[in-house]
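Structure in structure tokens, see below.
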């Protein structure tokens, strides 16, 4: 265990994988973003041309990664912002997602597509998307959203060693988050939620940066005598339905905190519980999402749209009171 | 009123719009598909170069439509299969969707993007997507899914005269469906569900081709003494929440029939009701979707995955028994 | 080229033709067989290129894929079975006609998206280069691929990184019909040339010309000099975009190479002057490389093999429907 | 070119420079101001091209957009206000610095996606042509756009349909730094040339050269002959990709054009030999088109206007936060 920030944990995972396996190969730059944590990427320099800095051709580069993965390389391709990856939508959701299944299992596609998502302050209408729900909607992809430095490391390593195409979404505001991270080849299993806080009154299922906000909300709620359980699915596909249902069974109440708009991840989690955990529910499900609108640049407007601890706490209060 | 098939109704709407307004302009070919209904497109021939047959460059062509719409043309762009439109994902969900809002309302973007979706028998892994849920996840777009010839005509005309970017998804197996269609400039409002059948025991919310299947299911159920109400939202964005909630309030039970996989439209409708109509619900919500998997070519496997009347009826029975 | 090689080209082309004819028969017999994009008429390009490759060279193909797989020796029974969605298919029935995958003979993913094959082949080339393989990658694609931005991006990537990839473009964008591409370039090959990729253009109906050019191109790529763009110009077979299964030019009778009275119908001209198989047969006869009987014997063998493969496939079982949502691990 | 025109080019460039300097000041003062992509150092290209346009010509720009808007007379107060996210901004604060939109002076959507502006401009050209307008469309974009497939597709569409669009490419992909494009083409302009689009290449630091070439290119496009590709080669301003607001070359003092003792710092060389504004000032002085005092007077006016616009914007209100989800109808 060493304390490091999320950006360092991401890069540490890549170094561990490259050291252990000559077939691991990386595409992209700015894996640690463009902010104060960007220096973490320096650890990649000694790996030379195992880290490819590609042209601004997202579609062809995504296919380069996929095609190379079919020859046996384990590819990790960072797109930068998730909206840049939109240029490679067909390549990720229709080519990579289907590749293994449609070959009848004859091909493997060990490729990981990583990208930033989220309301990041000043991203404006074109740079603020949180597309994890839309990716999860396309069968064949594994969808991964680390919320802590340790999970960042453990999920990167599991992604790299998965023989399926994986999409990982990172919130840039998490890059600075510091915590203990296990050393070496640490892997976090897919499909296993993390319960960050036990509670009995209400379940808060939170994704990515909203895990931090949910933990803050739980602190606020605790002062009011509301005992919240905070559950982070960590992977959307596969989704730990059992873990989520068990928590809702205990608390009877569900709040979902996610930056994505409607028709997305929070919708799926709510629907799944309304189907399979209906008898546990004592109150309406509540979603804390960004409203269904393009994202304005103006800072106060953006803040108005952004899910946060206060909004999560308010939803939890309503749910508990219902 | 004239009886015509869905393909003819689509084309009729385009002709009505082009006759009334010289600014209406079309891009694409095969609007009526490649099957027995393809002949309907012949009515477009006399419009000459108001119908552009473009190169296989989905991204640039989608932007051609968007850019032209900003100069005052009302553009209708048919992509062919929805998976081809994946090549223009960024252009539709990040450029067109944001254009009007991000200009502070100074630009209009009267562009309609039309495409086929769905399990169409033999489409296999790469040609069977139903991406309406993923489109709906991107704020700024209006999402339209006609299920009848009259709605096809009325929704095309409303789309063309909308000043926002609109995405319309058509199931190719609907093209042959025949019914009465109003003459002239007939428009169907966005955000207003159609109740195709009144019932008191269970609400079936169905989309696109599943409306036909839901009506068949309702017939089957009627013979068993179950009185199903069939509701077609017709537009996903805006969604007629009031109409859906009113139906669920009456029946207390909800089945959603949609070809899309999870993390999509059915998820959103289920979640919305679990939030806003929870007190009406007497039983778990049930979704009839395609399972979360790439789509195999093999015909019996594809049939196994495809939502149909029998599966809808089975879900309704379970719900009523719960 | 020696006799054996020239006959091998003939046999390879004929194998493709007989295969595709049986695909039409299947499409007539089974209504669920997907829309067919047949390789008839393009055999000169496919056979000429594929016989210049090594077994471990990695190819990616488009929707019009059967010809290459047959040329490189994929099991035809398994190919037919795939087209029929059977469990014994190359892809266990999951892929269907557009996605036939056979890594054993060098075929990785086949994409039915225009622009898919070229981009994946660039990826294979990257993977092969990083793993210091002697194999090269091949992108089989049509002129339509250069309409797509990803086609251009892929050419650029290959040129930038000097990747070992052969771009094998089949250009059937001939005037008269709606072309499969709409490119403002005066010549397709100006696009790769602008990106500093060496190019050559050959007549796709002349299998020996294609083969010689492909051998040169492959040698260039294999020697580490980077990509090469080989363009075979083709005339579209009249049934090449058929929605309903049909034999517009009829079943090929090899005797048409010496007895033109057997040729008739609306497309007699195509058969007489264009058909790359008959053309090669005529050359072999004219240059006394083979006799009519030798050619007929090859045909008999190929036809028998093909029929047997098809019939076996037709009898093979479907996968268990309820396994549809099971993923491969 | 007469004195008035040559001075207009000077004033236009200076207006852009003073604007961008104030953007840096704002970025230092307000932490929420988005990442800035400034037009400093490229004024020769922007002013040279924009002054060759008519008011109703429709332009689409990239993330590096301020210069064009200033050049064509967009209200600088509203531009500053937009950069500050204020209600009085060009886009009511919804767009921010990357998306400034001002149809009144010919600016439709500004896209911050590489490849966005070129593709939208092709669309505008299509719309203008269909409506038989005399106006033309202009795509302002950087070399990076030719990395993206959509850039290539857009060139092809314009050439195929003979659309009235000027492709105005600013190429700052100079060796030494990480370039903003990675193209295997020996020259960028080989790409449009392969697609049969006429091209010209000019030195973007020489505003008069750019302007003359732009006038010719615009005349070609306006006469209905189809698209034209004009490439201005530029040297990147040291702060052109700044994440944190800074003045790497300092605030421009026009007197540097005649008094080089005022030039110092790490980037003195760039200022002395490259700065397009000082370069033009020197020409105007050397050719006795203007005096030092005249130039200083222009600067005084421009600086005062700019400051006033900025200060007004800083005092202007934010939009009501709770209106964020309201759509425009």
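List of remarks:
Think of it as A, B, C and D in the order they're written, each chain with its own count starting at 1.
Everything that follows uses one rule, which is that a residue touches a chain if its C-beta (ideal position, glycine included) is under 8 Å from a C-beta of that chain, and two chains touch if they have at least 3 such contacts.
Note that this is a predicted model, so its numbers are computed, not measured.
If you tally contacting C-beta pairs for each pair of chains, A-B comes out on top. Comparing the CA-atom centres of all chains against that of subunit D, the greatest distance is found for C. The geometric centre of subunit A is 30 Å away from that of subunit B, both derived from CA atoms.
Put simply, the C-alpha centre of subunit C and that of subunit D have 49 angstrom between them. Inter-chain centre distance (subunit A to subunit D, centres taken as mean C-alpha positions): 37 Å. Rounded to whole angstrom, the centroid-to-centroid distance between subunit A and subunit C, based on C-alpha atoms, equals 42 Å.
Listed for subunit C are residues 91, 93-95, 99, 111, 113, 115, 147-150, 153, 156, 160, 182-183, 327, each touching two or more other chains.
For subunit B, the set of residues touching two or more other chains reads 54-55, 57, 59-60, 83, 87, 90, 94-95, 101-102, 124-126, 291-294, 296.
Judged by the touch criterion defined above, the protein chains are all mutually in contact, each touching every other.
Listed in rising order, the residues of subunit A touching subunit D in the complex are 34-35, 53-60, 83-84, 87, 121-127, 291-294, 296-305.
Note for the complex: subunit A touches subunit C at residues 23, 25, 50, 52, 54-55, 57, 59-61, 63-73, 90-91, 94-95, 99-107, 163-164. Every residue of subunit D that touches subunit C in the complex is listed here, in rising order: 147-153, 155-156, 159-160, 182-186, 190-191, 193-197.
By the touch criterion given at the top, residues 58, 60, 89-95, 99, 101-103, 108-109, 111, 113, 115-116, 119-128, 130-131, 133, 137, 149-150, 153-154, 156-157, 160-161, 327-329 of subunit D touch subunit B in their complex. By the touch criterion given at the top, residues 59, 83, 86-87, 89-90, 93-95, 97-98, 101-102, 124-126, 129, 131, 133-134, 136-140, 236-237, 260-268, 270-276, 278-279, 281, 283-287, 291-294, 296 of subunit A touch subunit B in their complex.
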